[in-house]
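When the chains are written out, they are named A, B and C in that same order, and each has its own residue count from 1.
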Amino acid sequence: MKRSIARIGAPVAVAALALTAMGGAGLASASTSHASQPTYTIAYEGPLSGGNAQLGLNMKFAVQLAVSQANAGTTFGKLAFKLKFLAADDGGSATQSPSTAQSLIGNKSVIAVVGPAFSGATKAAEPLFHAANLATVSPSATNPALATQGWSNFFRVVADDNAQGPGDATYAVKKLGAKKIYTVDDASSYAVGLVQAFDQKAQQLGATVTHQEAPGTTQCQAGTGNVQQYGALATQIQSSHDPVTFYAGYYCDFALLAKALRADGYSGQLLSDDGSLDPHYVSEAGTSVASGTVISCACTNLTKAKADTTFSSKFKKLAGFAVGTYSAEAYDASNTIIATLKKLGTASIKRSAVVKGLHSIVYTGLTKTVHFQKNGNIAGSTVYEYKVENGNIVELGPVNQLVG
Amino acid sequence: MSTVRAPTPLLRRLWLSTDARRLAACVAGGLVLAVMTGPEGSGTAPTSGFTGSLGNSRVIGFVVFGVVLWLLMTARQRYGTEIRAVSDRLSAAPRRLLPDKRVRGVFYLVLLGIAIGYPTVLNGFWQEVLVDQIGVYVLLALGLNVVVGYAGLLDLGYIAFYAIGAYSAAYWTGALPVHPLFHLNAFYAIPLAVLAAMLAGVILGAPTLRLRGDYLAIVTLGFGEIIEIVANNLQGVTGGAQGVIGIPHFSIHFLGVVYHWGLGSLPYYYLLLGFIVVVLIAFHFLENSRVGRAWVAIREDEVAAESSGINVLKYKVMAFAIGASTSGLAGMVEASKIGFVEPGDFTVQLSILILVLVIFGGMGSLPGAVIGAAVLQFLPQYLRVHPLFGFQQQDLYLYLGAILVVMMIFRPVGVFPSRRRKRELGLAEHGVGSADAMESTTGPIS
Amino acid sequence: MCFTQNFWNLVVSGLYDGFLYALIALGYTLVYGVLQLINFAHSEVFMSGGFASYFILHALVGTNQPTGLASVGYVALGVLGGGAGGAAIAFLLERVAYRPLRRRNAPRLAFLISAIGASYFLYNLAGKEFGRNALEIPTLFTNGPVFSVFGATVQTIYVVTAIAALIMLVIVDRVVAMTRLGKGIRAVAQDAETASLMGVPIDRVISQTFIIGGLLGGAAGFLFGLNAGVIFTMGFTPALKAFTAAVLGGIGNIRGAVLGGLLLGIVENLGVACTQASWRDVVAFGILVLVLLIRPTGLLGEQLGRAA
């Protein structure tokens, strides 16, 4: 008996040692500004590790680029303050994000956060950000529930799923004249909400909807699904003879489904959402398969405006890879924050002032004019449709104009 | 297909020499470490990671590391008995320093005092980590330790019970789309959540624990996947992929005592600490009880245990259920702390992670489980803030995988082994007993 | 019934899945036969095969799609390259993660844990070195409907996979049944101790068994990658299904693994027609649990020594 009690004691001793180490390992605190110019940190929170790391990196470098451009004076002219950039990894997970949020809240120089990137991570971290009155501007969290929790510090520069889904449905029924539509979602938080909104609107417009859920695969993002599911799924869609198939999910899984459908001889119209608005969709599905696919996004074409090409090239130079999903949104989110800071002037800015300022800011970015509703959602979001033609993704125009 | 023939006698002699082969293995290990800590490659430049980590001067350090490792191993072999004597004396030191039960009691109280007092001076980040990453995982590791360490069963779907605990919390507090008959305060739902996880453990365990151990591993792995899929698919019940939001914090209204756990981490830390202490004491007595001895007997020789009248299946199911309920408790606390649950929190990777925590510390050892979990969960967070040796967060599972293999080769008993377990493994390696419960209980073959 | 409508279509795509499962399942079954051990890291053998074939074909084919005989040649090359990659990793795996434990007579739990560790190490290393996005194997032939049976369309990739898999399965079956190597494997499977007393070099036979399993698993990695691309996480789900298939047919039994693979593929596809695609894995694991509970020795029984 005596011995075994000693065995319990030993771990506690070691644990105590670890605790000592922790004390010394506090987070790097705010840097002291030696010049008269105050320094503010704009932080990014999103997945930089795990299966979704690529998506997170797409955004991280965009925020970093916005900060360095603002410091150089290229985007906003001469600023009365210096900006710093800080990246914080939450693995895209709801259990990691509270501690990540605490690390940002505890860092007194952090004035606003771009992120959290994922809806789940946002749901877990936002109560903490809210309590600290630290503004968060998400470039990618599209879950509608986020705007209904009473978090006054929550903003997002993307339309929520309730905006995009109905837009797609309107296009499918009114423009394509589909009476029967097959919808598939990848079981991700993002796609489930989107497809529900789509189904509802399509049924309301008189179409019959058949819905299947096919979890995102291990070939794509951090899915758990089996690639081979698409064979059987394609068979079912083909035999339904529905003229339109709508896929809610990401480009890599959509490419697999599209390949399976075309190999099965399905000739209907393929539709998808902004998760698929990625040149990789065309390269992974193959030009012949991807041709004619219509993809929607609550954002305007990246390659259209001249400013965008400089953004793309600068981004590539900084990151080492091309702009991807949500890069431009993250860039807009950062610049919206910087514009707010600029408007607030020279005096030392408080976190609460940024929250207040964001509620009234109007900033024209790459993807849209950013202006927030009271609940943090972006105001007046238009859904645009794109089409794959000759291996390129070209813009067709806003849905409301297309259906006329 | 004949044996590898060395072209020259010298090379052949070298190949046959254990020292030379071991040196080669050590240097190879150093090079692997160089690649692990080196830069990332990419699909378009698949060799860039390798050339970036092996093609420059940093590789010298790793080769030296390999050689030093070899020297140490050779020295250990040559002076093994002396070294072992020293290490035995060192590991016995705390025991000799604390000869008296009363002195030891004071020692534990001091440690507990530190565990209570110290976190108050930490910053918000570490307080949060103490709950979300360390406290919860210590509890999880303690539970899995009963299954893997005490009973010798491999459970790869352990996180599923955590999920059941978390969803129970959501259910009884009315956060799920399906509502219970009566809503409960989260605090009073704890027993129900633990019970639900335990029941799930019994329901899964009773039929499958008859199976051979490696089948059990696969079935539990499948069960873990199924729970995740079900949580994801049954949108009307679990909220689906979007998860459940709005699980309330704990609160007590009892005999005039009113307390609310809020957003802060410390109250949850103390709650977890309390659970951990209770679980530690309970498992300590369990280990030395009739049940604990039955587990030892099953581990060491299942057939002998069965023939001497031990109901093997019953004790296996018991271990499984105790592990499951501990996991459920952890899930319950975490769900209430964060206020949000989503199926993505319950991946197979996490089951593996908890297994690593237990094995690292030492299977079957309570101190091992606590230290293993605390240290291994603390390190990645520390490295997140202070990246050392080129550690990158996304490589965490690369390191954990390597730790598992290296531990199994060189120190299967873990860093803080239980003495009994250590002896068993030694015996098993000499052909006595099996040191695990991997044989089938009533399977027709073997 | 829910699956009668597309019955033959589902059977055809199920057979395609089944051939892949069968190839992977053989790796589990052979290793299980000689070591009574589930090679948990076999998923990474499969992945390595996919990557090896990707790099070979990417270097040789590039973006120009070959035609005619060249297509056939490149497919054969992909199978061989994938097989070689898989075999190399399987060999290393046995040497590093298993042999030291075997020498020490470690408990089975230790083997399983070591295998899980090796699996995590390998796939995360692949992610680190080759990037974490899917890589597309160059197009070797145009995929599309070739012919139909009972109204079910058969695609080019089904035909390619079936032919490649059948050739390999027949070869392995014959090798194990007829050659000296096969005798060695069967001898070790029946009774390792006696075999070693009779002069069978156990270590070498075990290495060779891993290599054969690796060849098949690696080739399966290529065939799988042809359709889906290769990515570091590609091994997990197919390998788990293949293990289910091996158990279904009777682990340790070569023909059982093939039968189990084909059956599982078909049942899974029919099952999905009755539910949603997202329940597919639940169907597969449900089958696994049922089989284990009702007939733990699988459909064809367990012994590699006897049944092969």
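Rule of thumb we're sticking to: a contact is a pair of C-beta atoms (placed from the backbone, for glycine too) under 8 Å apart; a residue touches a chain by one contact, two chains touch by 3 or more.
Not measured: the values here are computed from a predicted model.
Asker: Based on mean C-alpha positions, I'd like to know which chain lies farthest from subunit C.
Answerer: Here the answer is chain A, farthest from subunit C.
Asker: Which one chain sits nearest the middle, judging by mean Cα positions?
Answerer: Located nearest the centre of all protein C-alpha atoms is chain B.
Asker: Just give me the whole-number Å value for how far the CA centre of subunit B lies from that of subunit C.
Answerer: 30
Asker: Could you tell me the distance, in whole angstrom, between the mean C-alpha positions of subunit A and subunit C?
Answerer: Taking the average C-alpha coordinate of subunit A and of subunit C, the gap between them is 37 Å.
Asker: Using the average of all C-alpha atoms in each chain as its centre, how far is it in Å between subunit A and subunit B?
Answerer: From the centre of subunit A to the centre of subunit B is 33 Å.
Asker: By residue number and range, which residues of subunit B touch two or more other chains?
Answerer: 225, 229, 232-233, 394
Asker: Give the residues of subunit A that touch two or more other chains, as numbers and ranges in rising order.
Answerer: In subunit A, residues 53, 187, 213, 215, 224 touch at least two other chains, as defined above.
Asker: If I count partner chains per residue in subunit C, which residues reach a count of at least 2?
Answerer: Touching at least two other chains: 132-133, 236, 276, 278, 281.
Asker: Flag every residue of subunit A that touches subunit C in the complex, lowest number first.
Answerer: It comes out as residues 51, 53-54, 184, 187, 212-215, 217-220, 224-229, 231-233, 235-236, 238-239, 252, 256, 259, 262-265, 280, 283-284, 286.
Asker: How about subunit C: which of its residues touch subunit B in the complex?
Answerer: Residue positions touching the partner: 36-38, 40, 55, 96-97, 100-101, 104-114, 116-122, 124-125, 127-133, 135, 181, 204, 208, 236, 240, 243-244, 247, 276, 278-279, 281-282, 285, 288-289, 292-293, 296-297, 302.
Asker: Going by the contact rule at the top, pick out the subunit A residues touching subunit B in the complex.
Answerer: Of all residues in subunit A, those touching subunit B are 1-16, 18-19, 21-23, 25-28, 48-50, 53, 89, 91-96, 98-99, 101-103, 105-106, 119-120, 123-124, 127-128, 131, 143, 145, 149, 187-189, 191-193, 213, 215, 222, 224.
Asker: Mind listing the subunit C positions that touch subunit A in their complex?
Answerer: Residues 5-6, 9-10, 13-14, 16-17, 20, 132-134, 136, 139, 143-145, 153, 155-157, 224, 227-229, 231, 233-234, 236-238, 241, 265, 268-269, 272-273, 276-278, 280-281.
Asker: List the residues on subunit B that touch subunit C in their complex, please.
Answerer: Subunit B residues touching subunit C: 1, 3, 35-36, 40-44, 46, 49-50, 148, 152, 154, 156, 207-208, 211-215, 217-219, 221-223, 225-226, 229-230, 232-233, 348, 352, 355, 359, 394-395, 397-398, 400-405, 407-409, 412, 425, 428-431, 434-436, 438, 440, 443-446.
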